[in-house]
Every structure is written in C-alpha cells, then in structure tokens.
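Below: one structure, written as structure tokens.
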Amino acid sequence: MATITVDGKEIYAKDDATLIDELLANGVNIPHFCYHPSLGKDGNCRMCMVEIEGKKRPQIACDTPVTDGMVIRTKGENIARVKRQILELELINHPVDCPICDQAGECSLQNYYMDVGLYDSRLDTPKNRKKKHIDLGANVMLDRERCVLCTRCVRFTKNITKTHELGVVVRNDHSYISTFPGTKLSNPYAMNVIDLCPVGALTSKDFRFHQRVWFLKPLEAICDGCSRGCSLFVDHNKEKYKDDVVYRYRPRFNKDINGYFICDYGRLSYKKENENRLLNAYIRGMESEFEYALLKMERLLKRYNSKTLFLLSPTLSLEEIYRFKVLSQKLGAQISGFDENFDENFEDDMLRKSDKTPNRKAFAYLEIKDDIDSLKEQIKDKDFVLLVGRDDVETIENLGFEGSVGVMNYRDFKQKDKLDIVIPTVSHMSREGCFINCDNFIQFSSCKIDKNLEAVNLLSFLSTILNDGKTTCEDVWNSGLGKMNFLKNIKFKSVKTNTIKIETK
Amino acid sequence: MGIKIVPRYGKSLKDRLYLPAIFSGMKTTMSHFAKNLKDTSNIKTECYPEMQPTDITSRYRGVHRLTHRDDGSIRCVACFMCATACPSDCIFIEATEREDGIDEKMPSLFNIDLLECVFCGGCAEACPCDAIRMDTGIFSFVATKREDFVLNREKLLANKAFRGEL
Amino acid sequence: MTDILFLILSLFALTGAVGMITLSSTMHSALSFVVTVMALAGLYALLSASFLFMVQIIIYAGAIIALLLFIIMFLNIRQDHTPKEPNKYMTMLLIAIVLAPMDYLLFTAFARMPHIEDFSTKIDNFGDIKMLGNALFRGWLLPFEAISILLLVALIGSIVLARKKERR
Amino acid sequence: MIEASFMSYISLCILLFSLGIIGLISRKNIFIIYMSLELMLNAINLMLVTLSKYFGDIDGQIIAMMVMAIAASEAAVFLSLIVAMFRLKKSANIDDYNTLKQKGTL
Amino acid sequence: MNTILVVVIVINIILALLFSLGAAPILVWVERRVAGFIQDRLGPNRCNINGFRLGGLIQSFADMLKLVFKEDFKAKAIKEKFVFTLAPVIVFVSAFLSYMVMPFADNLVIGSQTFIMQGLPINLGALWFLAFAGLSIYGIILGGWSSNNKYSLLGSIRAGAQVISYEASMTLALVSLLVTYGSINLVDMVNFQSKLLFGFIPAWGIVIQPLAAVIFIVTAFAEANRTPFDIAEGESEIVGGYHTEYSAMKFGLFFVGEYVAMSASSALIVTLFFGGYNLPWLGTDTLKENFHTVMLAIIVILPLLSLLFGRWIVKNNVWPSKDDKRNNESKWLIRVLILINIVVIGILGCFLINGITETTTNIAVAIIQIATFAIKLLLMNFVFVWVRWTLPRFRYDQLQNLGWKILLPLSIANIFLTALVVVGLGV
C-alpha cells in the first residue's frame, strides 16, 4: 500500500497501479479522453494532467505509476491553465455543433469545457472541414469533425475484439479515423465503440435523434438475451402524453460478468420492450376484457386442478419459477422447464453463449425437470397446459397434446386465436427478479418500468391465486425461497446490490 | 439607529369617529366619478377590437414563431433545448434526419401547446440557433377547439415577426 | 273571502303543527313550525289585530324561530345528536286518545257562549296601533314595565349562561 | 263549508294546543319540545285574540303581546341554556340531561 | 269597486314592480358603470342591439338572459333539494314584499275618492318593512344550510348573525322617528316632512333626526348585505358565502333579491329621511296651488336639461371607426329627446292655454311626485353604490362591535333624547 496526498487529502493506493486508476477509484475528478480502464493508457490526449510535487511540469496521470508519499495537486491556477490550453487545442477544429450532436449531455468535451474551459475563441482562420456522418456499418455513424483522435475505438478493435477494422489515417490536423477502403466495421461487439467514444464522433445509428440523453432515466437491469446475463443500464423516458419508452441499453460495468461491454445483439434487444407486444387478453380467440380473462384463468386453474401442466420459460425470474412451483405443489399439478432455445452459432469466446435464455440454471436449482423425456411423461394425462413466458405452442403440439392450452407472455404471436386463453404479462424490464447465469452467478434485475399497458405481473397474479399477498421479490424470498439449500448463505439484501456466485456442491 | 417610528393613528376622537375618514374617501371616489362622467375621453381604457394596441415593444413576448435560414428552410435543428427549458412542458418535438444536405437534423414535428404555454420566453432564451422567437406581437389567440391551440411546425414557420424579420 | 282565507290559513297552521311534532329532523321540524307561525299571523290579521299580525311576523317568525334555526345550524345538530324515537307515533296516538275527551269538554264549554252573528266584520280601528298603545300605556303600564324588566333579566341571564367559561 | 265563526277559531286553538301537548309529551328532541311549548303559547295567543274580538275588548290583544314578549325572553334563556348544555353533552336528547338523577334508581 | 279604483291599484302595483323588479337590471348597470368611472375605467359599454347600447344598459339584460338560460346545476351532496330551491325564493319574495308599502305620491284625490299611492295600501308601513326585511334571513340561513357546504354554512351564519344584530338597532332608530313623526303610516311621515322648519329649511328627517338617519342608513346597508357589511361573502375565506353552491336563476334570484332589497332600503330611507315624494319647499298643496308656475318652469327647464344631456351624449358617445353602427345611437337618442320635449311641452302648453281641471292637476302632481320619488330613489341607490366602491369590507368582530356596542346604545340614547324633546316641547 502506498500513501499519496491529493489536494491535501491522504488516500491509500495500490503500489503498482497507475495514478489515474487510483484517483478515479477515490472519486477525484480527472478529465481524460484517451485513457479507458479496459483499454489502458495511450497518452495522446494530455487531458489528465496533474501536478506532482518535485516534478517540473505537470504530468499525465494515466502514465504515472503510484509511488509512496506522492503529493499531487489536481486543482489550482496552473493546472487549470494547462487544461484550458489543451482543451483549446482539442477544440480548434471541433465544429461545436452540440445542438445536433447526439452526445450532447454525456459528452466529455462538453463537461470539461464547462469545468475548466470557458474561454473565448481566439481562432480567426476557418476551421478544418472534414466529412460528417459516415456510416461505418454495424449501426455506427462517424463524424470526423467532432473526433478528438483519442483512438479508443481503434484500440478497442485492436485489443478487445482483435478485428482491426479501424485506424487513424493522414497526418497532423487532417488525420481522421477510418475503416480500410471497401470494408465496414463488422463484429458482434462493434457498437461498444459508441460508448467508448468520449465525444460525439461515433454515434449509434439506432439511437440517433430519437431522444436527448438528458431526458433519459437510467435503471439497472440484467440482459435476457443469453445465459451470460450481462449487466445493463436501461435508459427510458416517459414523455408527456406518451407511454414510457425504453430508448437504449448500455453496458453496466460488472467485473464478474461482462466487464465494460455488451454484444450488439443484447444492446439492440431493447426493441422487444417497445414492439410487438401482446396488447389484449384473448379467450378462445376472442378479445376479452383483461380483468375478466384473469378471473377466467383463475377458474380454469381451479377446474383442471391437478390436470394442469405449467410449462415455464427459462426467461422467468427465479422468484416467479419458485412461486409456480409452489402453486403446482398446491394444485398437485406438474411443472416443466423444457425449452430448446439454443443457438450454437451465437456463442463466441467473449460474452455470447449458445443458451439464449437468462435463467435456465434456476430449474436445476429448484429441481424442476427441463428435459424432453420428462415432459413427455408429464403431459400424458393432462388436460390443460399453461405456457408461461413463452408462446411456442408447437412444442406441445408436436408431443401430441390435444387439451386446453393457455399462454401468458408479453410478445404477440400467431396462434393466439386458436388457444383457450391468452393473457398479456409485463415484459422483462417491467418486473424485478433474480437470474442465475451460466457461471452460477445470481444477479438481481431491479428495472421496473411502468408501462401503460394492460398486463399482469406474474408475482401479483400468483399471489392472488395463492391468496397470500406476496407480491414482491422480497416477500417471495422470505416466504421460503431464501431458505432453499442453494441460497442458504445468501441474503436477499446482498443479492439486490451485488453479483454473488452460488457455491455448488 | 435606523429605527423609524411610525406614527400610530386611530387614537384621536376624529379618527375614532370614522365618519370624517369615510367622507373624505367618498369625496375622492366622487371626484373621480364626476371627472370621468363629464368627459369619458379621459379614461385610459382602450376599446380593444376597434383600437389596436400601439405600445407593443420588440421585447413583448407574443405567440412563438420558428425562424428561417437564408435559403428559406427551417432553422431549427431539433436540439430540444427549448423543450428542456420549458417550465410547462408545452413543446413537443420529434427529431429526424435532414436529407437536403443543409444540416444533419431537423424537427419532423414541432408542436407548441399554447394552452399550456406560460409565455415565459425560456424557449427563445435557450435556443442556440435563434430558431424560436416570440416577437410576433400576437397577444390574442382564439380557437374553437382545444386542438387548434396546438401550433404545429407549419403554423409556427408561417408566423411573421411583428416588426419584420431581423 | 274571509272564510276561504281562514280555511287556507288554518289548514296551513294545522299542517305546520303536525309536521313540527312528527318530523324527525330538527331543521325540518323548525321549518314546519315557521309555517304555523306565519299562518297564525295571517289569522291575527283576519281577526283585525293588525299590529299583532306585524308583531307576530317580526318577533316570532323574524326573531324567535330565526334564532332557533340559527342555533340549530350553529350547533350543527346532526342525525346522531338527535334521539331515536322508535315508537313516537304510538305515544302520540295514546296521548291523543287521552286528550280527546278534554278537548271535547273545552269545545262544549265554549259552544255554550252566546252566539254572535257575523263575527268577522270589522269594528272601526279595532286592533289599531293607536288603540292598542292607549290601552297598553294607560291600563297596562305596570305589567308592561315588569315585562321590560323581565326582558332585561332574560338578556343578561342568557349572556351569562351562554358565554364560554374562561380557563385559568 | 266551515264558516269563519267564533267556534271555528276556538276549535283551531284547541286543536293546536292539543298538538302542542302531544308533541311535548311524545318527543325527546329538546328543540321539538321547545317548539311544542311555543305552539301551545301561540294557540293561547290566538284564543286571546279571538276572545278579544268576541268581547270587543282590546285587553286580550295586550295580553297576547305580553305573552309574545315573555316568549321572546324565554327563547333567549332557553337557547342559551341549550348552547351550554349541548356543549356539555353533545346531544339534543332530553334523556341525556340526567345529571340530577340519582344513580341506580328509576 | 269601480274602474278608477282598479286602474289606480293596477298602476300602483305596476309602479311597485317597476321600482323594485325593473330597478334590478338598471341598478346592476349603475353599479357597474359607476364602479368603472370611480376606478377610472369604462365599465360595460359594448353589448348592443343593432348599435343601441343605452350606455351599456343592454349588458344587464344580456346577463339576465344568460342567468335564465344557464344550466341549473345542483351538487350531488345537496340533500335538502326543496329547501335549497326555496331559499332564493324567500330572499327574493321578502325583499319584493318589503317594497310594496312605499308611497310613490301623496294620496290621490279623484273626484270624491281618495287613493293611497302604495303597492299595498297598509297603515303599518314601517313595521311591514321591518317584518319582511327580517324574513329575508330565512332565505340566507336555509340557503347556507341546505347547500351542505362549509363555506355556505359559515357565510350564512355570518350573514344571519349580522342581519339579526342590525335589525335591533334599525328598529330602535325607527322608533325615535315614530316618536318624532307621531305616526307609523308612511304617507303621514312624508307629509310631516313637507313642512318647513323655521320657515326655510325643509323639515326632512335627516334635518330633525340626523343621528337616527345615520344609524338607520348604516343599518340599512347591513340589512341589504351591501359593502361595507357584505361579510356574507368573502372571496378569500368563504368564497361566495351562502350562494357558493347556487347557479343559474337560483343564483339570479339571490342576486336580484339583493338589489331589490337595496332598492327597498333606499326607498325607505328616502321616505323617512329625504322627504319621500316631496320636492323640497314644494309640498303637495303648494304644488297644486301654483301649478301654472310649475308648468312654466318645466317648459323652461326641460329643454335646457335636454340640451345639456344631448351635448353630453354627442361628446361622449363616440366610437373610433367612422362606419360603426354604434355611432348612430347618439342621433337616435337626440331625436327621442326632442320628441319627449315636444310632447311634454305640447301637453303642458295645452293645459296652460285651455286651463286645467282639479282632477288633472291632482294627477299631474302625482306624476311629478312619482318622478321626484324615482329620482330620489335613484340618487339614494347611487349612494349605496358609491359607498360600496369606496369602503372596504368590515372584519366580522368589528362589525358586531359596531352593531352592539355603538349603534344600539346610540339609538337608545336617541330615543331617550327624542322623547325628552317631544314631551318637553309638547309637540
């Protein structure tokens, strides 16, 4: 441990770390463009200048190792002047078109200018004009004028994805970022460069102009695209007179699961929150009133009782699956988790997994069978199959089932007119719940967007059927889920805030 | 130091009798009444629809308008600064890609709900492009339906400046 | 003319009285009583007691019942403040049965008084304010003064009774 | 057709007086009891006026006036009593005004 | 029952209706225009029928029409529907009835018959007014109570307490007048005032009984719920008072009732203190004796007044645009003025030339007296309006203090003093 003094305050730092890491970890605001924790130092932007006692000139914090007894100043007349001059340099050819820039509001350049810049332009020659809005491919738009040449994107394709699509071409203040002639940016993680870009040079074609970022409210969630379960920020906003809309997903740093990045597939999966939603309840193919359909479902469950089979989707949360298990035990019904949503082509060695559901592990932990053979066995003498969180009716049709079929899901699907009962549920981002990923990490998704749709929350639906008023995840944990063997050492409170690995036997 | 002793009234017989004060008050109101009855032209009231106001200054905040560029196209780039600054949330914008090469972005929808607007001038103040102004001098807006009070992009662009476009 | 007026007024008086003793809501009961009082004022006028007619309206209708209504409103008498009287009609019937012979007795007693033809014709200025004043301040001066003292005493007494106790 | 004769006035007085008595005894609401009393006073007043007319003597009207004056003072005292009592008991039921009653006896 | 009797009674009733009901829209107009002028505004001035706006008087009729055709909204919470409907009717009827005893002119003698020029020929005029002014409290109390609304109830309690309190002082002020005039008949009272005091001052009530006049006028303001005593409503604390829940014509009845009550109060004040229908220095008999001179005076004065009025109209009735329909109004008004002049002067000229019978003189005197009464009434109403737009509202405790601690003792002292003087002088 080394002790360093920053602006008169002592902080403890790791010995072999770089200075900027320790400063950022201790909440000291150090402006930086080219440095990124996942990409390491590059030292080209010179923004992270700090004064170190004993050194003649200010030094860049991203390339200075910590030594014991360092005395550092990050504020003050001198350092502010240096920063202002560097910013002036960065902004010489910047078009300052913040009004039309999508980065405005989360732009480092803007922030630093407001912190230390605030100078009048001394430029009387025209600015360098470069090409604007170039489609790099993979939903990424490049604006070369706005680029500060920090090369984060270049380093990302070089070091992280190792696809080497981007590079800096031409010299001095004409240099710009470019793909190689005739090629496009194309790799499954390409859109991460949008988050990496500290300015508005790289913007998302998908998100462009849809909403200004300062209106967006971020919520924390878990991606349900594959069994990796990457941590996400869900940026949503409810405009006046409109429904709450999810505008984008952003990666949320989680050192155990996904680091700083997510795949493009997961990033764009926000669309299923807004599009193709099941809007009405259906009873025997007829549109029905929502409340009536709920009552009807209750009556159906009472009528078929032990003749019911719950076919659960692995996209359901741990709590929901547990509560369905409790219900099936009470009714004497069967429960199965069989699902064949695998895609071997999807998997790669970075984040993506072939299992495209987030919670398949939970079936194993809750001792629910999810193989096709046991499903065949279970379905034999059943009159009613309720598909929850899924709409793959053909799965059971293929097994020769001919009784009543019900579906509770949030997506619109073709066969809804043929089924006995269809009830819309809330989507993944509208309900809380725990998910166990492929590496046995249990995570809590706390994103609860209140959409103006008639849809039922499965936990409250189950609580009305079981009639015990346990509508929140915490209630479910307290009512018995938390006492299960695999969760013995885990508290709900800690799950809420941390990613915890479940100890397997 | 700095203490001002305010004289207290209401102790003398004249004050407590109230009637002298009442009569002096009535004298004042009567003098106004008599003066105005004799010659109504002294009254400052303007007979509005016949006499239009002449004292609208260039700083008067009337109904909004959207300004044009030199080539006559819309100046607004849909940066949402006005919608952000608006305290009554009465500006509704949807941005879209601008295809004509003049700029990158423009509003596909720009609605101002005059029934919700409080005419604070915050939008004109916030606009970085000088695209929205309140210098039309229009102080009276009437419609028969609520929907007609929502000015859309075309109506806003059609509004003219009170003293000619600057 | 007077017959019809008498009929209408007495009908009003009786309806008001019956309403007053039967209605359960205090406010309605008081309103019903106002009808009786006004009808009685009209009857006084028919009996050529014009001053009493005015006094009845001013004092009874304008002051006493108005004050009563005022107090009912002021105290905010609600349904739960008023008593429940489940068998009031039974009691009324019983009392009426008991009273009937007495009323009959009274009626016959009055019926034996000498009959006067054309009772309702007007004697000149009878019941006029001058006549009344003369009688009041000549023959009835002492009772008048006594009553004024009674009024004063009642005034002071009511103020003492109704004021709120000062807490120390 | 009932003639507006002396006897019709008298019978009206008797009826009103009887109604007053009925209300006085049968009701428990203090306000209605008070109004029944007033009704009886009014009936008496009417009889006084009728008789004064009958005898051609103004004294009946004067007594009626005195009755009204007494009724007015009675009203003042009664209403102030009611205000005081109502503040204490929060009830208009005379059965609740039983402070002087000995406990445990009828 | 002869024709003349019926005609006179009908005329009397029509006059009473005109002075009370017809006065309401005019008073509303006066109220609003005077308020405007006092506050350096114009007031309502543009409602017109084909250019005719009569100085904005049309506005009142438009308002009336609006009130009649408005939705009669009744809140669900109002349980006492009958009482709720009854309340404004009581207010209106009691105000209207209290008006019926005002004498418009001296007893009219036609041939051998004498007619009392009152809506209701009743001897106990002043008492009648007191009785029905007191009854209006029922409307206020019931309206507030049946609205089932705290504001309404508070407003009606305040207004009711105020009316009850001030009625005492009002009656006592009246008593001192009765002692002075020696009668309770309003016609007698007015005729008393036609005398001259010391030979040159008209013996008006305000001259002989100034204290009673002040007390009576103040209490009349309170009885009519006019500012500064209009604590029945209070925008900041109890909204509209007892008529918060009322709408459409029910509210209209309250509204009109208030103006009728105000008009009735002013009529009584005029009758009691300002010589009623008498012209100053010109009693009924004097008028009759010198009727030729009076006619001559009218022939001279009427054109002069018309000239002044016409000039005022021309000066002040101007609209900016030339082709405004409303500019024609002045022309027509002046034509009407000239017509009136011609008719009046023609009739009077005929009388002057042909001589005049006694009955005609009597009728003409009655007409002059009615006109006098109307003008005095209007002036007194103007005072009501004038005071309203000058003085602020009383605070409730100040109001009760004034009523009980100042006005009541003063009026009692006044009775005492009056009685002393009357007995001492042996009048």
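Letters A, B, C, D and E name the chains as they come in the text, with residue numbers starting at 1 for each one.
By our rule, contacts are C-beta pairs under 8 Å (C-beta built on N, C-alpha and C of every residue); 3 or more make two chains touch, one makes a residue touch a chain.
All values derive from a computational prediction rather than experimental measurement.
Looking at the partners of subunit D and subunit E together, the chains they share are C. Contact with subunit A and subunit D alike is made by no chain in this entry.
A summary of chain positions shows that the Cα centroid lying nearest the centre of all protein Cα atoms is that of chain B. A count of contacting C-beta pairs for A-B and for C-D identifies C-D as the more extensively joined pair.
Centroid distances from subunit B, each centroid being the mean of CA atoms, peak for D. Subunit B and subunit E have CA centres that are 44 Å apart. In terms of their C-alpha centroids, the spacing between subunit A and subunit E amounts to 81 Å. Subunit C and subunit D have Cα centroids separated by 7 Å. Multi-chain contact residues of subunit C (touching two or more other chains) are listed as 51, 63, 67, 74.
Counting only pairs that meet the touch rule, the chains in contact are A-B, B-E, C-D, C-E.
Contact residues on subunit E toward subunit C in their complex (touch as defined above): 80, 83, 122-124, 127-128, 130-132, 134-135, 137-138, 141-142, 144-145, 153, 156-157, 160-161, 164, 167, 171, 184.
Those residues of subunit A lying in contact with subunit B across their complex are 97-100, 104, 132-133, 208-210, 212, 214-215, 239-241. Those residues of subunit E whose C-beta lies close enough to touch subunit B in the complex are 34, 36-42, 46, 214, 315-316, 319-321, 324, 386-387, 389-391. Per the touch definition, subunit D reaches subunit C in the complex via residues 1-12, 14-16, 18-23, 25-29, 31-32, 34-36, 38-39, 42, 45-46, 49-50, 52-54, 56, 58-59, 61-62, 64-66, 68-77, 79-84, 86, 90-96.
The touching residues of subunit B, when paired with subunit A in their complex, are 77-81, 84, 89, 92, 95-97, 103-105, 128-129.
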